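Chain lettering (A, B, C, D, E and F) follows the sequence in which the chains are written, and residue indices restart at 1 in each chain.
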Amino acid sequence: MFYHTKRLQYEAKPEQPDAVYAHKLQELIGGAWGEMTVTMQYLFQGWNCRIEGKYKDMIMDIATEEIGHVEMLSTMVARLLEGAPSDQTAKAVQDPALAAVVGGMDFQQAIVGGGGALPSDSNGYPWNGRYIIASGNLLADFRANLTAEAQGRLQTARLYHMTDDPGVKDMLKFNLARDTMHQNQWLAAIEELKKDGVEDTVVPDDLLDEEHREHASSLWHLSDGESSDQGGWAGGTAPDGNHEFQYNANPEPLGGMASAPKPEDHLYATYS
Amino acid sequence: MFYHTKRLQYEAKPEQPDAVYAHKLQELIGGAWGEMTVTMQYLFQGWNCRIEGKYKDMIMDIATEEIGHVEMLSTMVARLLEGAPSDQTAKAVQDPALAAVVGGMDFQQAIVGGGGALPSDSNGYPWNGRYIIASGNLLADFRANLTAEAQGRLQTARLYHMTDDPGVKDMLKFNLARDTMHQNQWLAAIEELKKDGVEDTVVPDDLLDEEHREHASSLWHLSDGESSDQGGWAGGTAPDGNHEFQYNANPEPLGGMASAPKPEDHLYATYS
Amino acid sequence: MFYHTKRLQYEAKPEQPDAVYAHKLQELIGGAWGEMTVTMQYLFQGWNCRIEGKYKDMIMDIATEEIGHVEMLSTMVARLLEGAPSDQTAKAVQDPALAAVVGGMDFQQAIVGGGGALPSDSNGYPWNGRYIIASGNLLADFRANLTAEAQGRLQTARLYHMTDDPGVKDMLKFNLARDTMHQNQWLAAIEELKKDGVEDTVVPDDLLDEEHREHASSLWHLSDGESSDQGGWAGGTAPDGNHEFQYNANPEPLGGMASAPKPEDHLYATYS
Amino acid sequence: MFYHTKRLQYEAKPEQPDAVYAHKLQELIGGAWGEMTVTMQYLFQGWNCRIEGKYKDMIMDIATEEIGHVEMLSTMVARLLEGAPSDQTAKAVQDPALAAVVGGMDFQQAIVGGGGALPSDSNGYPWNGRYIIASGNLLADFRANLTAEAQGRLQTARLYHMTDDPGVKDMLKFNLARDTMHQNQWLAAIEELKKDGVEDTVVPDDLLDEEHREHASSLWHLSDGESSDQGGWAGGTAPDGNHEFQYNANPEPLGGMASAPKPEDHLYATYS
Amino acid sequence: MFYHTKRLQYEAKPEQPDAVYAHKLQELIGGAWGEMTVTMQYLFQGWNCRIEGKYKDMIMDIATEEIGHVEMLSTMVARLLEGAPSDQTAKAVQDPALAAVVGGMDFQQAIVGGGGALPSDSNGYPWNGRYIIASGNLLADFRANLTAEAQGRLQTARLYHMTDDPGVKDMLKFNLARDTMHQNQWLAAIEELKKDGVEDTVVPDDLLDEEHREHASSLWHLSDGESSDQGGWAGGTAPDGNHEFQYNANPEPLGGMASAPKPEDHLYATYS
Amino acid sequence: MFYHTKRLQYEAKPEQPDAVYAHKLQELIGGAWGEMTVTMQYLFQGWNCRIEGKYKDMIMDIATEEIGHVEMLSTMVARLLEGAPSDQTAKAVQDPALAAVVGGMDFQQAIVGGGGALPSDSNGYPWNGRYIIASGNLLADFRANLTAEAQGRLQTARLYHMTDDPGVKDMLKFNLARDTMHQNQWLAAIEELKKDGVEDTVVPDDLLDEEHREHASSLWHLSDGESSDQGGWAGGTAPDGNHEFQYNANPEPLGGMASAPKPEDHLYATYS
């Protein structure tokens, strides 16, 4: 069960409205790597966690924090939209700066949201549940989380350079810092899983003997670039300590012809 | 530009048809973590790669391999569907095993695909482009790739236990092995990025001084689990070597009240 | 079965083309609350209506009208796009008004629609069937319809202020009026359901004794705003005449710990 | 900012696992009218609320409660999936009850979720942001909320009859009760908006003089059912007290021919 | 503007209910090639038609017919769902035929639709606007229409073999016949466009001199199948009468290296 | 299995960057009729082809070519985005040409793609698997392919007129030529199917006697346009040589009333 305080985790006050930036900021709310994603991903992971204690408790701590990030960004968007020229017709525009705004606004923020944030990304595409993963396997999921915080900080950093508003930048400095923390946090948690002996390097930590081991270590050179054999992935011991990388320089297919069986008559697949 | 050989990378021949399993296998074709995802993710990453040489060449090698994985799985699905009882009415079913098949088939594989595979997952939801990321930042993207191979091998391992067909299992042993290789490969590539000095631990490797450093290392304890301070993420040096983890046991909000500005009249937001 | 006349229900002639406004108007065609939604929602409700007579006949009257609203808006969009500068390159733009148009057009209206309307909203997202509800329960559905006409009139009113074209405004005055009528119509129909004794206040009109009655009237105060106890929802008799509102000022959870069971081995959920 | 307690708002313990019911329950989590919808709808409405005080505080109270409902249902689903026969092949099924389970399970709950809940509905379609509305106009949005609680209680009631598990039924009795409360709550809030004079009957409370008043009160009889003139919507004073309903028994179109203008050459629309 | 009669274009009465078949029939309502697609595709094409007269009038005739096909199929689905065992628990199933139904029903038809049809396909995926095309170019669009009627009849024929209910089969015999008619109709219309001289073989009928003519007639042999040169597409005069087919047996790329430019610093693409 | 060469099939070098055009070009990558569609459609058709030899080999030749078209367009987009003013704030814009760019850029190309192409269309909507068809029936599918190449060339021709960059135009001249070839190719293949006697005019070539033949040739005149009887589709022999077109000038419904059966109690459909 959850409780809410009306105060924001961190301040979200722009110095001035900026409707085009409000459009761009939608990416951090409803984009594939936005705050709705980490909110829902961490919540579902916490609820799906099968091992009680520190892992689950930590996941729920950060999940709960992320709801507040959606709140901060939505608040910022509404404030950036104050006085947005949504009722301005194009033909009346006489100023290039206004022209950029009239062309670059998110029309739905006005028509649908009444000047508020939307659960969508910067191209107006709605957030959806296929963005998240809660597989029950903590190593697989912590890697997903590390990715999310990395892509999230990358996008935040890009957006940091797209504004010069001190209020916006102040909030983004908080967001950047949290994303730094959270990258470190998931990296530490991945180490902890190994230290605790519950997961190892390869996900899942099983079937390593059943799988065709002769194919578990070779890079198939299927594109004619000249340099793919020059990386650490083409030779030496693999990170799992259990395989020696190999380079398959002239790969040939191992299987037979791709083909599909004779069709059932009632399906009318072409056959003769 | 691409070339194709009609031979499969590895054999994809079931011993017997199994329409329910053909339904489940769709997850590995068109699911969020399926072969269409890694195919398109690696292709777009290769095309978006801004640094010529070993990284780009390696990405294109594996991208090209993945197209062939979609081919293997689609071939397997068509063969598993041979003779599927798609024309069987429920009321005529007299056998529990057939009842399970009639209830558990993917109807679209017959009605739409004529007994072939679909670009959809095991719930019939189509693959879509928001599943992939090609950000141009190789560390962020390699983490995404490592995640994809981990989730992919996890799903493959689960599916391995859902069949006892030797032909299917033989192919999955190849897929499992490739996912092992590819997890090692991306782990090695992440190390190589650091070794080459082009990326570091935190993505992106910038704004670490501009961000609010005081918030870049603390876990906010916002859920009442008792154990989140017992992990390596709550104290000690963070993985980036640049921060000391801290535990914020009684977190208070730092911002002011969440609020939205007075609305423009023409938007008819409720105000008084 | 349906018949069509080529004349529009109401005239849809702009005085002048306006490509940016044609972009915005897409919301009323293919948006979640646009005319495609009410068309399909009312049609499916009519077909799903289990009580013959006045309700069903009225639903089919309005459903049939709404198809004509999609027609009016699509016609308006095509006319607003006449001569749109879709072939204008940005670098040749020398006028701010044109710049706003070049930046603010819906590119797909030209590239895909050849200057015609699309079945999409003002962010280019396609209309989809999850927007509509036809549950078979008329009270639940009439509330959905009332909502649709309210959101629809709200968006139309916002759009009314975003143009000064007399021809567009004339059509919107018709649309606004129909939305007024339709709000009144669904409100009247909701009253009629109660008057006829087929539905009451709470949907569905059942299980009111089975449900945990002690939890059917209390507002849980889970956010620290100070004023939620000052509304009519925090005390007194509830609108159904069957409950007394209560205010749970210091809510405590009633359930046990959230937890998930020990996982099956073959699913590889982390466990120790 | 939010806080979380690990205890559930209400207990969510099935007496026995039931994988088919776990599939059906997804509708209440990730369906268009499920708990993710009310969670996000109320949160975005609270953040988008432009009038401080009782309305906003009440919205945030209920928004915060709804996050906990997603938690309860996700917990219930994980427990219903305990020991689910996801590794059972169809051909080995010898019992009709098991056949129903093998055919009726949600395969993704095993393959993707590792035995946990998904952010999807009972057809495996992911929750998405277009399901919610936060328009800033409280009357329009409270009607949407009333609809959501009505459709939600309707679906819950249907699901109540699809199980005989006492533990599941006990939780649903709580959910039903909350949906009763919330329907009453939004009805009361709608009354309060009128009592406070901030909103009236028609949304928005404006342009009632500008719109074509002669078209604001007539039912167009466009389908040949005989009874649509027999309801309260076809005559008498409309609910807004401001119009007299009329019945347009033989409606003729008022506009001219539907047509699209001569196309631009470079768009290659067919013309002669 | 549209009118409606309550009588169906053709009878839609099953002899007996069949809930699994009601699930499958959804494909013809809300599938990519279902009746909602042809309804909306023809309506938008009619409204987007830039040449008055026989073409536009014919498009509107068939568009109007198609709305009635959605009506027939939705009526059929509701009747097939009469008495569906949606409240049956799996564990109580004792009969294989019932097991197939319980596993193979569309749960949303009960939970969401209350026993009615949904605007979704047979995998529960909602119909969406990206399924349709109304490009303004009649030849391109008539080819799309011919395709839709071909895929539609193919799916109807498959479904014809999936039932033995005389009532269902009777309706499908009407649907099959209309799809035969409509394939002939679009074929005739394509001929008429050429006969009238408004369109030719290649869409659009322009830029045939500007394009690189040397690449407008050769098949690039990029897959190692041995027989692609044995079809009429590999030699002789092309159907447009304007090109001679050629076979490029050993194709080499014509362009330079695929590469992306040096990135902007603020986008943090990896570079060294 | 596939191989890749780093050289492009044809050169993709713009003379100058143009960020607005890069936005528009997304349609040809990830649009419903873009290169991702033909790539995946032809691949799945090839894998689903049930008749070995020239048809299958030809499909795989062109499928493999299309992957390279996605590569060309993605490369072009990245190059067009070089130096794009994604970090430019609207208020600093002083030039109309720049205003058009700032308003008309695809923000996700910068924020998400780091200056690279996205698997989305020109409205930012992601490519998805429901765009493609691989039915197993070659005539139905070749018609879909002919449509795709026609719509694709139409969109390419429109885009050809939206730029004056010689490098872009040079690449589009290649694309136009390939689309010309591919239209001819599918037309020839359709003829070949008939010549080989494996398919005929109507899809599928069956049930022509079972269907209600009296309804297989008449145009139902359901819209009041005056000219729909003036086309070749209203009289004379139909293209299949098997029917005589008829014109149903005053069509009456043939079925009974549309109605839905009495609902099950537990579904709470309104009934009295």
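The working rule: a residue touches a chain if its C-beta (ideal position, glycine included) is under 8 Å from a C-beta of that chain, and two chains touch if they have at least 3 such contacts.
From a predicted model like this one, the values you see are computed outputs, not experimental measurements.
Chemist: Show which chains lie in contact with chain A and also with chain B.
Modeler: A chain counts here if it touches both chain A and chain B, which gives C, D, E, F.
Chemist: Going by the touch criterion stated earlier, list every chain that contacts chain A and also contacts chain E.
Modeler: B, C, D, F
Chemist: Which chain lies the greatest distance away from chain D when centres are computed from Cα atoms alone?
Modeler: Between chain D and the rest, the longest centre separation is with F.
Chemist: Same or different, please, for the chain E to chain F contact, judged on whether over half of the interface numbers appear on both copies.
Modeler: Here the answer is same, because the shared fraction of interface numbers exceeds one half.
Chemist: The B-F interface: which of C-E, A-E or A-B repeats it, judged by over half of the contact pairs being the same residue numbers?
Modeler: Equivalent contacts to B-F are found in C-E.
Chemist: Tell me the rotation angle, 0 to 180 degrees, that brings the C-alpha atoms of chain C onto chain F, to the nearest 5.
Modeler: 120
Chemist: Report back the single chain whose CA centre is most distant from the CA centre of chain B.
Modeler: C
Chemist: Report, in whole Å, the distance between the mean C-alpha point of chain A and the mean C-alpha point of chain F.
Modeler: 30
Chemist: Rounded to a whole Å, what is the gap between the Cα centroids of chain B and chain C?
Modeler: The separation of the two C-alpha centroids amounts to 34 Å.
Chemist: Where in chain F do residues touch at least two different other chains?
Modeler: Counting only residues that touch two or more other chains, chain F contributes 1-9, 32-33, 47-48, 55, 57, 60, 63-65, 68, 71, 75, 78, 86-87, 96, 99-100, 102-104, 110, 112, 114-116, 120, 123-126, 128, 130, 133, 135-137, 139, 154, 157-158, 161-162, 203-204, 206, 222-223, 225, 253, 255, 258-263, 266-269.
Chemist: Counting only chain pairs that touch, give me the topology of the graph as line, ring, star, complete or other.
Modeler: Here the contact pattern is complete, since every chain touches every other one.
Chemist: Any idea which chain D residues touch chain C in the complex?
Modeler: Of all residues in chain D, those touching chain C are 5-13, 32-33, 53-58, 60-65, 68, 71-72, 75, 78-79, 82-84, 86-87, 110, 114-116, 125, 128, 130-131, 133, 135, 137, 139-140, 143-144, 146-147, 150-151, 153-154, 157, 160, 173-174, 176-178, 180-181, 183-185, 187-189, 191-192, 195, 201-204, 206-208, 210-223, 225-234, 238-240, 243, 245, 253-264, 266-269.
Chemist: For chain A, which residues are in contact with chain E within the complex?
Modeler: Residues 154, 157-158, 161-162, 266-268 of chain A touch chain E in their complex.
Chemist: In the complex, go through chain A and note every residue touching chain F.
Modeler: It is residues 18-21, 23-24, 27, 31-33, 96-97, 99-104, 121-125, 154-155, 158-159, 161-164, 222-225, 251, 253, 255, 258-263, 267-272 of chain A that touch chain F.
Chemist: Would you mind writing out the residues of chain C in touch with chain F in their complex?
Modeler: Touching chain F from chain C are residues 1-6, 47-52, 55, 86-96, 98-100, 102-108, 110-112, 114, 120, 123-126, 135-139, 193, 196-199, 203-204, 206.
Chemist: Touching chain C in the complex: which residues of chain E?
Modeler: For chain E paired with chain C, touching residues are 1-9, 30, 36, 40, 43-44, 47-48, 60, 63-65, 67-68, 70-71, 74-75, 78, 112-120, 126-130, 132-137.
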